[in-house]
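Two complexes, one shared chain (subunit A), two partners (subunit B, subunit C).
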Partner chain A sequence: MTAQRDKESDNPTCYHLRLFVAGDEPNSRQAKETLNRLCEAYLKDHYTLEIVDVLEDYRAALENQILVAPTLIIAAPPPPITIIGSLSDTRRVLNALGLPASEEGL
Partner chain B sequence: MKEQKPTYEELEARLAQAEETLRAIRSGSIDAIVGDQGMLIMRAKAAEDALRETQKTLEAVVETAPILIVMTDSRGRIVLFNRACEELTGYSRQEVLGKTIPELFLSPEWVPIVAERFADPFNPALQELHINPWITKTGEERLIEWRCKALPMPRGTGYFVLGTGLDITERKRAEEEREKLEAQLRQAQKMEAVGRLAGGVAHDFNNMLTTILGYADLALREVSPESPLHDDLLEIVKAAQRSADLTRQLLAFARRQTVNPIVLDLNDAVSGLLKMLRRLIGEDIDLIWMPGHDLWPVKIDPSQVDQLLANLAVNARDAITGVGKITIETHNVVLDEAYCVDHVDFLPGEYVMLAVSDTGVGMSKEVLEHLFEPFFTTKEVGKGTGLGLATVYGIVKQNDGFINVYSEPGQGTTFKIYLPRSEAQSVEIPAEKTAEPLWGGRETVLIVEDEKAILDIGERVLEGLGYTVLVARSPNEAIRLAEEHVGDIHLLITDVVMPEMNGRDLAEQLTSIRPGIKCLYMSGYTANVIAQRGVLNEGVCFIQKPFSAMSLAVKVREALEQAS
Partner chain C sequence: MGANNAREGAILAGNEVRIALKKVPTYIQGLDDILEGGLPAQRTTLIMGDPGSGKTVMSVEFLYRGALHGEPGIFLGFEESAASFRENALTMGWDLAALEADNRLFIMEGRLSPEVVISGKISLKPMLAVISGKAKEMGARRIALDALDVLLQLFDDPMQVRAELHLLNHWLAESGLTAVMTLKHRDGPSITTFQDFFHSIADCVINLDARVLNQVSTHRLRVIKYRGSSFGRNEYPYVITDTGIRTIPITAFELRHQPFGERISSGIPRLDALLDGGYYRASCVLLAGEPGTGKTLLATTFVRQVCSQGEKVLYLSLEESPEALVRNVTSAGIDLEPFCKAGALHFIGAMPEATGAEEHLLRLMSEVERIRPQHVVVDAISACERMGGKQAAFEYLMRLLNFLKERGITTIFTNQTSGSKVQMEISGNGISSMLDTVILISYVQGEGETNRIIQVLKSRGTGHSNQVREFIIGDDGLHIQDAYIGPGGVLTGTARRVQEARDAFEARRREAEIQAKRREIARLKAAMETGKARFRARLEAAEAELADLERERDIERAEREVRARMRGEKMSDEVGEMQK
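Take a look at the complex of A and B:
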């Protein structure tokens, strides 16, 4: 399953995110929920999110050298950053996105 | 193509990522590892959690199930014992785990049976329902219906045997109870049907016997006692009387015997019969009489007590070869609800029990089943009519009583008769009337009877005694005669069951035409016209068919002299 959201606008900072999940397993589900929430709150209309299910499409995982799911790759803006796990540490995700962690109050 | 060496920074970044991956795996925050060729390893913890959840659910099912669930390992040791098992057996799980079923729950005779059954635990027959009882901690035996299945152990060579069982002790008990009640009900229905048939036969038979007896009586009067014909006629009378006794017994069994019950003390009634009974049973058999103290009164026709005791005594006598003893006893008993649950015919209440026991050969179960059926006899041909005990049964039933028989081959027999306690005080048993000379009279008598032969006999006998006799073959003819006859009509003698109207209705109509007319009913059996279930209504004069000339003469006088 590949879900894609494309909400690019004329904002100069455009994020491209790729999340590798394993079906609807607990950590994968939590990662999807957390990421969606953060994106809607902080990156509204300034991001693209690609969700790759390794159970359905393991080749994409191999090509991206993904070892475990869930794994989030922040492909753009460079340099690419990889975050592994259920994204329960939102502070770290915001930090990787270059957003002020203190505003995370959701 | 030559592979480019990674820079120090790149190696450091990869190492950091590897460390992060390891941390994520250790902390359980990943779901899958992507291996070579895309082979996936799902997170073991998730699978374990799911398994644990499933196991929890299964354990709850096992624990709350109302059926017995027990599991043993390949050496027969109990490894699972649910709450239903604990409740049934009285043993806690701690007490049974590690022990075997035979050492805890089986009675010795069941150990080899169960051992053989489980010799091959994978035998599919074990999955079919089979019963084997368990003994509880308190020593009680419970019947359990089992279904078992051997389950191979997931790893290794052993197996478990899973047994699920249902306690069917109560169900089995109820089934047995129902079967017993049904058998008793069938028996009661059979007796009722045979009784009806016997009653019907006896009725017609009595009409014919009345004719035979009547004409033989008349002929006897015409023949001098010296004539050889006189003896021949006497033989006819005797044979007819013996036949009449037979039909009387049939009627007694069919509960259609017309009776005049009085309230009496059974001890007095039995005492008065002892002499006759001693003669009946002979010298080799001791008769022991054990009257109960302060016996309650019962209401019964004294002649029926004679019939009861005579029949039971003869039966007891015939069961004894050589010497022995017969015991007659009485006492008061109270039958409670619990007793009546086991005895379908019985009703709770206060009774006087009359028991007749013998030390004879006893009876088998098969004989007991047919005991009260008319014409059932174990005696040689010509020795018994098969009506004695049928009569006893009929008399007991007619008096709202019950009868029980206890017997086993070689152990003798006891008949126990229960007659309901009467609330009224007992009266003296009237002394038997001695034969009196034929009384005649000058009164006018109207006889109504649809059987012509009986009508003719009645007319001839009564005319011979000096009465003026009017005869009618139907109630309507009788009414016409009553209206047309000039002069008094003193007595109506009428059959009870007739085609146009019954005897009682006829008597009522005639009373309106001729007030003060007396009435004498005659019948082979009474139906419910002048008697309720054979018990005569107060003040009713009745003569039982068949009757002799003498008894007719006596009854006619009695009826004529009865106060209006």
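Take a look at the complex of A and C:
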């Protein structure tokens, strides 16, 4: 476990994440919290996270074809992956990020 | 204060003042007639239907035609990709991309890629934010949400679906857009909940039904509800043509029909005489008869007549190809070739089974509008049943007749009947009330030959002759002859001549019989006289005998009385003894 994690942190891969939320709506709030926690736990120092409020900026939602919130787009590394929902199923999120699921640290 | 005023007051108090509902035309052919003006303005209309019934096409056409009429619209589709969507629209001749470039239309693809990972709960707020923003930006007046049910499958919690739909409904109500939502018919309890909800938020619900009837695909449209408005409540056929959806409402039925015009010759002077002058323009004439009786010849004789007067005819041939028909009628000396070449006679050859009745009808209607004929022939209406059954044929013919009568076009139907007891069949698929003239041609069997007779069964506005005539198909056309009416019915051909001779003989025989009968009566009268005398003698003898018998009886009675008086009381004792 530890070895793999070290290997991951050695990896220069930089994650670029964009989270689209709808104001302060509960699912969006939950997603923001969960994502922040996961990033700190797994991607510390090699990720950028951009949070877009579609209620403020509908054009950004339009360009990215965002119809539901929250929507997380893992823009890098390629290929881009879209995750919708409050991110409550963290195993799926980690899986999408190419990270091994772990019970600890959540 | 009158009763009316009181009632008005009550209505005002009950807050039921009716304000004429604002409507937005769909500009879809025929649909606005059914909806009595269009869809409810700034409200939501639900279009339900099976896959392939044309829900998407209808919602796009609503936007497309609206955009052309100065009402920009937004299309949000959850099923198709925008690219394939634009392509499909192009097959109807709708250049959506041009309207998009013009900012009169906005197409948004709401399809989620199957690779999308779902984790946890979601909300539809971004969708509403996006369409709100876009709608303001382009000044949209219309919106279509296509296959929203696909999006709703993302939700696993029915309560959440309900909450999101409430949100959507609220947003739509605020937006001031006239909305159309499409929804597939689906099975399953969760979907039923959706449907109920959709029904409750929609002010107007249209059901599209695509079904296969007798191997022919048919489409029916029905408005299920329309809050605050009346609407056509029937099922209306519709077709998805290469220019969009077309429906065929029966509106103001028979009221817009043109009155009969002047007389036109049937092409056979003696038939004109039977009809008291010929057919009427703008009327409907049915030529009925068994196979081979000459219905097509009778129809084409009329065609030749009107075409040679410079009028146009559209001839729908459902039984044989136009080429075969033109060739076949030459045997009776009818040459249609020159009229075809001159553009006076147009044929449509169609296999009844090839498409549904609606498509047949629309094809014929658009041909009528293109060619603008004075007369239309449908040969034969009995074949229309093969377009999808009796009901389909009935609707096809009613709508066609209605359409033609509105335009003052003369309609000639031929109808193939079978057997001899054909009164029901003659009238043709239950359309008898729409028929103005009915002519029946039938076979009569005679002396080793079969002949034809013709009769006018019905002719509105005409003192027509009820008489039966012989109908003769010659090399040089059709002829009508006085038929001989004898004891065995109407006689034709050789039988007519034979019967004439037979009648002469019969007359002589009858005369002889009369003479014989007279002689017999004289004989009987004489016999009666002789008989009378003989009976009188016997009667007198009997009367004499009766008188003798009565006299004898009286004498004997008198003698007994004398003897009884002489015995006195003794006789009564004797009687007492005997009684003991």
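Criterion: the second predicted complex is superposed on the first by the 92 of 106 C-alpha atoms of A that agree within 3 Å, B and C clash if a C-alpha of one lies under 4 Å from a C-alpha of the other, contacts with A are read in each partner's own complex, and residues count from 1 in each chain.
Just so it is clear, a residue touches a chain if its C-beta (ideal position, glycine included) is under 8 Å from a C-beta of that chain, and two chains touch if they have at least 3 such contacts.
The structure presented is a predicted model; accordingly, all values stated were derived computationally and were not measured.
**Q** Return first, second, both or neither, reflecting whether A:61 touches subunit B, subunit C, both chains, or no partner chain.
**A** So A:61 meets both subunit B and subunit C here.
**Q** Would you check which partner chain A:27 touches, where first means subunit B only, second means subunit C only, and both and neither mean what they say?
**A** Touch status of A:27: both partners.
**Q** On the superposed three-chain arrangement, identify whether subunit B or subunit C touches more subunit A residues.
**A** C
**Q** Thinking of the overlay built on chain A, is A:81 touched by subunit B (first), by subunit C (second), by both, or by neither?
**A** Only subunit C; A:81 stays clear of subunit B.
**Q** Is A:96 in contact with subunit B, with subunit C, with both, or with neither (first, second, both, neither)?
**A** Second partner only.
**Q** Going by the contact definition given at the top, which residues of subunit A touch subunit B in one complex and subunit C in the other?
**A** 22-23, 25, 27-28, 54-55, 58-59, 61-62, 66-70, 82, 84-86, 88
**Q** Using the touch definition up top, name the residues of subunit A that touch subunit B in the complex.
**A** 21-23, 25-28, 54-55, 58-59, 61-62, 66-70, 82, 84-86, 88
**Q** Report the residues of subunit B in contact with subunit A in the complex, numbered from low to high.
**A** 17, 20-21, 23-25, 27-34, 38, 40, 42-43, 46
**Q** Where on subunit C does subunit A make contact in their complex?
**A** Those in contact with subunit A are residues 108-110, 112-113, 115-127, 129-130, 132-134, 151, 154.
**Q** What part of subunit A is in contact with subunit C in the complex they form?
**A** Against subunit C, the touching part of subunit A is residues 20, 22-23, 25, 27-28, 30-31, 54-55, 58-59, 61-62, 65-71, 81-90, 92-93, 95-96.
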